[in-house]
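Naming follows writing order (A, B, C, D and E), and every chain is counted from residue 1.
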Amino acid sequence: MPGAFFLGFLVFLMAVTGLSALFARDLLASIIMFSAFSYFAVLTYLTMGAPDVAFTEAVVGVVSTTFFIVALRRMKRGSSK
Amino acid sequence: MKFVRAGALLVVVVMTVVLFIGAGALPAIYNPQSPASTHVSDRYIEKSVEETGSLNFVTAVLADYRGYDTLGETTVIFTAGLAAVVLLRSAQKADSRGKKVPLAKAGKGMSERFGTIVLNTAARFVIPFVTLYGVYVLVGGGEGNPGGGFQSGAVLAIAIIISRLVYGEGAAFNISGDLALILAGIGTFIYAFVGVLTLLWGGNFLEYGIAPFLMSAAEKHSLGISGIEIGVTLCVMATIIAIFDALARKEEVS
Amino acid sequence: MSMEFLLAYRPLWAILISLVAAALIMLTGDKRPNLRETWTIVAAVGKMLIVFSMLPLVLAGGVIEIEPFKIARGVSLHLRADAAGMVFAVLASFLWVVTSFYSIGYMRKLQEEHQTGYFACFAVCLSATMGIAFAANLLTFFVFYEILTIATYPLVVHHRDQESIKAGRKYLAYTLIAGQLFLVGILWVQFLVGHGDFQPGGFLAGKASVGALQTIFLLMTLGTAVKAGVMPVHGWLPSAMVAPTPVSALLHAVAVVKAGAFGIVRIVGYVFGPQLLAQLGVAQILAWFAAFTIIVSSLIAMAQDNLKKRLAFSTIGQLSYVVLGAALLTPLGIMGGIFHIVAHAVMKITLFFCAGAIFATTQLTRVSELNGIGREMPYTMGAFTVGAVGITGLPFIVGFISKWNLALGSLQGGQGVYVGVLLLSSLLSAAYFLPIVYAAFFKKSEPQVAKHHCGEANKMMLIPLLITAAVSIVLGVFPNAGGGLYDLAAMSAQSIVSGQFMVGGW
Amino acid sequence: MRELFTEHLIYWLILFLFMLGPYGMIFKKNLVKKLMSMNIMQVAVILFFLALGQKTGGTIPINLPGLIGAEHYINPLPHTLMLTAIVVSLATLGVSLGLLLTVQKRYGTLEEDELLRRMNQ
Amino acid sequence: MKEQLPALIVIVPLLIALLSPLVAYFSTRLLRGLGLTAAAVSFVSAVGALGHALTKGPWHYYFGNWAPPWGIEYVIDPLSGLMAVLVSFLSLVVLIYTDSFLREEGWLKQGIHYALYLLLTAGLLGMTVTGDVFNLYVFLEISSLSAYGLIASGGYKATVSAFRYVLVGTVGASFYLLGVGYLYAITGSLNMADLTVRLQPLLDSQAVLIAMVLILVGMGIKMALFPLHGWLPDAYTYSPPAAIPFIAGVMTKVMAYVLLRYFFFIFGVLNGFVPLVLEVVGWIAALGIILASVMAIAQSDFRRMLAFSSVAQVGYIGLGLSLGNMFGFIGAVFHIINHAIMKCCLFLVAGGVKWKTGEHLIEKYAEMSRRMPLTMGAFLLGAFSMVGIPPTAGFFSKWYLILGAIEKDLWIYVVVIILSSLLNAIYFFRVIEQAYLKKAPVAEREKFVEDKKPELPATMLVPIVVLGACILVVGILNEPLVSNILLMAFPGGGL
């Protein structure tokens, strides 16, 4: 089953991006790594043959990254005082 | 504090080990005879085309066999919208203490625009296609390609967010926070109302086959499915915008 | 509402009448004060009539039994007016009438506040007492037992000052812990036997191992002994003296302590039964505790200068008479114990009324200050003398009869040592009561007493204590006068021992 | 042993991702990172469900005219469930970010211990 | 419409909630009216469904008319019917209570609050009556999210505690979902009845043990079982007084009901690893009862004390669950009912005192019985019931729990229950002393002497008194409740 190894590799990639999202020092860096994590999740779903779920994950990934960035902007401006 | 930290770490490690050992007892991946692939899903695959008239099995299961789950699902996203708005609205001074602000202009705070010349032109080009694609995803779902209420709602929301980011809050192509919340409520209400309609016609909740139109069962089901898909799209789009508006709103008075 | 339905459900009406009165007092009390008293008196008299109306039937050997509704799975609210229950019910209802008159006089004299709460809790206490008297299974008994605990708490903390709050806390600590232990015992019996219905002669024989039965007996007697003030667990009683005197009178003579003693009689007679207890050998231990309490409490009483504290310790001693009577397992002993509930109640309530009257009129509480009070308040001190002498066991006063039966009971059971204990306690009680009487009448009166020239207590307090003194003399001469309590005691002892021939007696 | 490895490798990786959630939530100081670990945990559960639905030789669960029979298609049920789970994760994300903004606006910090200190003052 | 009752229980509050923001824009009075009718209709249909379940046996309602393993079904059996009646009744009562708190809020705030409240009701009702495990997860999320929203709308400290609640709650939900995943992996079905049948042969396999542990941890977090209760005290203390009575009273109980449903019905109490897991649950619950009661004694804020006492009382339900026999089941379910009513009543009292005097520290409760006699009367009943004084309902749930423990010969649990009712007595009588016996400082005395207004507006006082009366009524009428409903609900059928 070639799929298993490819799948395993993708999930491994997800694990790497997930860990680096958590252990990045700067918030913006971790948010970027987080969107990479979501991106690899989309790829994993595709290799698992779930187009609907992949599409939704992609869209939700975009929206959640936007939310994170917007929230971060307000926090940066907010935390200045 | 140290002690609690160590205790928690211990619990997490133990839990991981237990799960890893337990994973062995799970049925092997990819084997077609695994209980999950044989017990319930075969009927979805074989009968969903003639029963629900939708080529995409996932949409069939999502909107028809387990349609009630998706109603719950849409309500979840609506609740999230409510919670986010009530939270950030209470953070600001309760400005509109009861006096009615016309919906369209409600929440028309000044928010800075990122619109430089490059972004303006790019946005002017991108937004129509994104919206068109969103509508296509909603309509195309029936003909057997992936897509449906959630995806199209989100894509349309992205279109509006792009316009909101680039042209600021005054952009024509924008929905105010309060209006978005009400729209989300209406969207989910459409979904629930389709269910209530089937109740009124005498069937169980969300039983599309009971509709009194002169159509084959499959067409009735696909009509029902597209009905609720529209509700879902409206709700998801409006909620994402409501949450975005709540997050991005630069409160006027700090 | 057909007639026999009304008659059949009398035990329930006896309980409910004062609950209704309590509700009425709470509703109307604040606005129109004297309504409080009228409701109390109406309820007291009504309850007495209901209870006395059941007397002839029970005296004739009959039993009024009802199960209005089920209160738990497999257990119903089971009320039964049997001989032992009637003794306690007649006593409580009669003394409540007297106490309510007395407390009206006492409260008016001292202008106490919170009187609405006082009278309402009084009424609830009495309905709980009725419930305890008529309970026919362990759960019903326990329900009313706990209601009594909770209803007495506001009375103990009546003065709302720091000292009474502390006393209230102590009272709750003892009684709640005891209640929980009792509950475990009841549940264990419920599990073993599937029901908790009292049967004369007990129903636990052979139902569990000896060890289990002994533990159940320990749990249940601990649960009731706290309220009966048996020595190691009597701590709350003296400190509950901070309550106003009618409450102490109610606590010590009519309701709470008697409920504990009555509980022990129920457990010994109707749950375990004499034969089983004899086999288990635990009755001996209970008898030793009772004897120990009798002696030690009398010794401590002598050292108490506060009059009410001295009466409290005397009560602890007298109550252990009842416990001793029950623990003797002989018909005469049990009869003596049950009758002593009546005897002690009547005498001790007289003493407390006198103490209250003295406090109300002269604000004196210490025994050392009472020299020469006899000349100031002749009737009060006269009644006090009757009560005091009655407790020491003078013939022709009711105390003697029960002590006599107790002595015969211990002889009948072959445990002569307890006769010695009874005699010694009579001497000790004489030692702590007679000095008061002597000082009151023959010593030169103290300056404050003379200065007061207060004269007798007011009528509302004087008449009740004279009545109870008279009753203790009348009962001393004709034990069956009024409610035929002596026969009732004999009948209940008879039914407990079931079959053993009853011998001797006055 | 070898097939045990290939059969269940995917599960172990998924469960590692799953346990990353509570780990990150407890040990990461920054509230935003706690939020991310919560999200990672939810994605892990989604992966787990999808892995359950896999079939060798199954194509995507969309009806191809020629192909009849359940063994040709991948099990659509987990996909439906996971659509719901993804949107739930978006919903909780939206609410939590709203909460974070309010906390940050009031207490000016998102570090856990700093926040607790300022809260209890 | 008669035969659609199970759907109406959940759908009516859901529909009204969806329209709340729209209706609020037009008229808040209409919104209040609609909210009350929604709760009332849901209550009536729950009672109707329970009646049907008791007379004609469990009621299976198929959504979209798809048969169970394929579609979602609602099962109204005596247990879920009783829970639905309890939840909808308390929701109706507390809805009347919250009315006066929202009077002066903005229209959108009111609309959102009503929507969140009705969604919480619909979510909890959905969880009690559903027969599908994944549907239960969806409604779990609906109720959790609306609870996060309700708690967070109570000021800044509430926001921090709400954030922690979101994190811990979502972790709990994910654990639960993974548990459902495991069950789905080895049986292939999501319907409870079908799951029960297909699990029987597999009960000794490791996967079922892992699924059990996951669901137990997941629901344990949502139910605030002892070691997993970290989020509860802050969430209950800082949340707005309008929402907390319903959340505190009902939410943790429905989660406990889900565990009861899993362990008594789906896994079956006697086979496979279940007795082992239940014993562990029992020990944790027993430990939790004692420690939480001790912590409750140490609190000075009335609501925080109630929060810790909630954790202890949930331990009772865990204990009842772990006993596994009939009396343990009856004790657990009966305690769910009692504690829901008691805790709801006590938090209503706390909210009422805060509304009238703005106080929530216990020493500020001095002489409160003079100022608010009826409210403190209801508090008294609640306190007696928590301590377990006979005529009230709390005593009888202890009665059945101890009976169950004796039947299983687990004397440690008997000691734990007895010890904890004494601990309860300590911290409740501390408040009773404060309210009834202590004198208020002179300054406050004048304040309340001259305000002639009734102690609380009627819309707040009526729910408090009604729940106080309920405690007594349920206590006295516990036998018919147990024999007719709970015994029929017990999986093996009553004795």
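Here is the rule we use: a contact is a pair of C-beta atoms (placed from the backbone, for glycine too) under 8 Å apart; a residue touches a chain by one contact, two chains touch by 3 or more.
Because the structure is a prediction, the values reported are computed rather than measured.
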{"item": "Set of chains adjacent to subunit D and to subunit E", "value": "B"}
{"item": "Pair joined by the larger number of C-beta contacts - C-E, A-B", "value": "C-E"}
{"item": "Furthest chain, CA centroid comparison against subunit B", "value": "C"}
{"item": "Chain whose Cα mean lies nearest the overall Cα mean", "value": "E"}
{"item": "Identity of the chain that, by mean CA position, is farthest from subunit A", "value": "C"}
{"item": "Whole-Å separation of chain centres (CA-atom averages), subunit C against subunit D", "value": "70"}
{"item": "Centre distance in Å when subunit A and subunit D are each reduced to the mean of their C-alpha atoms", "value": "10"}
{"item": "Chain centre separation (subunit A, subunit E; CA means) in Å", "value": "37"}
{"item": "Subunit B-subunit E separation of Cα centroids, rounded to whole Å", "value": "29"}
{"item": "Residue list for subunit A, restricted to those that touch at least two other chains", "value": "1, 3-4, 50-52, 56, 60, 63, 67, 71, 74"}
{"item": "Overlap residues in subunit B, where contacts from two or more other chains coincide", "value": "15, 19, 24, 26-27, 29-30, 34, 36-38, 40-41, 44, 56, 58, 62, 66, 69, 72-73, 76, 79-80, 83, 87, 145-146, 150, 240, 243, 247"}
{"item": "Touching two or more other chains - residues of subunit D", "value": "7, 10, 16, 18, 22, 51-54, 56, 58, 60-62, 77-79, 81, 83-84, 87-88, 90-92, 94-95, 97-102, 105-106"}
{"item": "Chain pairs that touch, as defined at the top of this document", "value": "A-B, A-D, B-D, B-E, C-E, D-E"}
{"item": "Subunit D - residues contacting subunit E, complex", "value": "18, 21-22, 25, 31, 34-35, 38, 41-42, 44-45, 48-49, 52, 77-78, 81, 84-85, 88, 91-92, 95-96, 98-100, 102-103, 106-107, 115, 119"}
{"item": "Complex contact set, residues of subunit D against subunit B", "value": "3-4, 7-8, 10-12, 15-16, 18-19, 22-23, 26-27, 51-58, 60-63, 68-71, 73, 75-81, 83-84, 87-88, 90-92, 94-95, 97-99, 101-102, 105-106"}
{"item": "Touching residues (chain side subunit A, partner subunit B) in the complex", "value": "1, 3-4, 50-52, 54-56, 59-60, 62-63, 66-67, 70-71, 74"}
{"item": "Subunit E contact footprint on subunit C (complex, rising order)", "value": "69-73, 76, 139, 142-143, 146-147, 149-150, 154, 157, 160, 165, 168-169, 172, 176-177, 180-181, 183-184, 187-188, 190-191"}
{"item": "Touching residues (chain side subunit E, partner subunit C) in the complex", "value": "330, 384, 387, 389-391, 395-396, 398-400, 402-403, 406-407, 414, 418, 421-422, 425, 429, 433, 436-437, 439, 476, 478-480, 482-483, 487"}
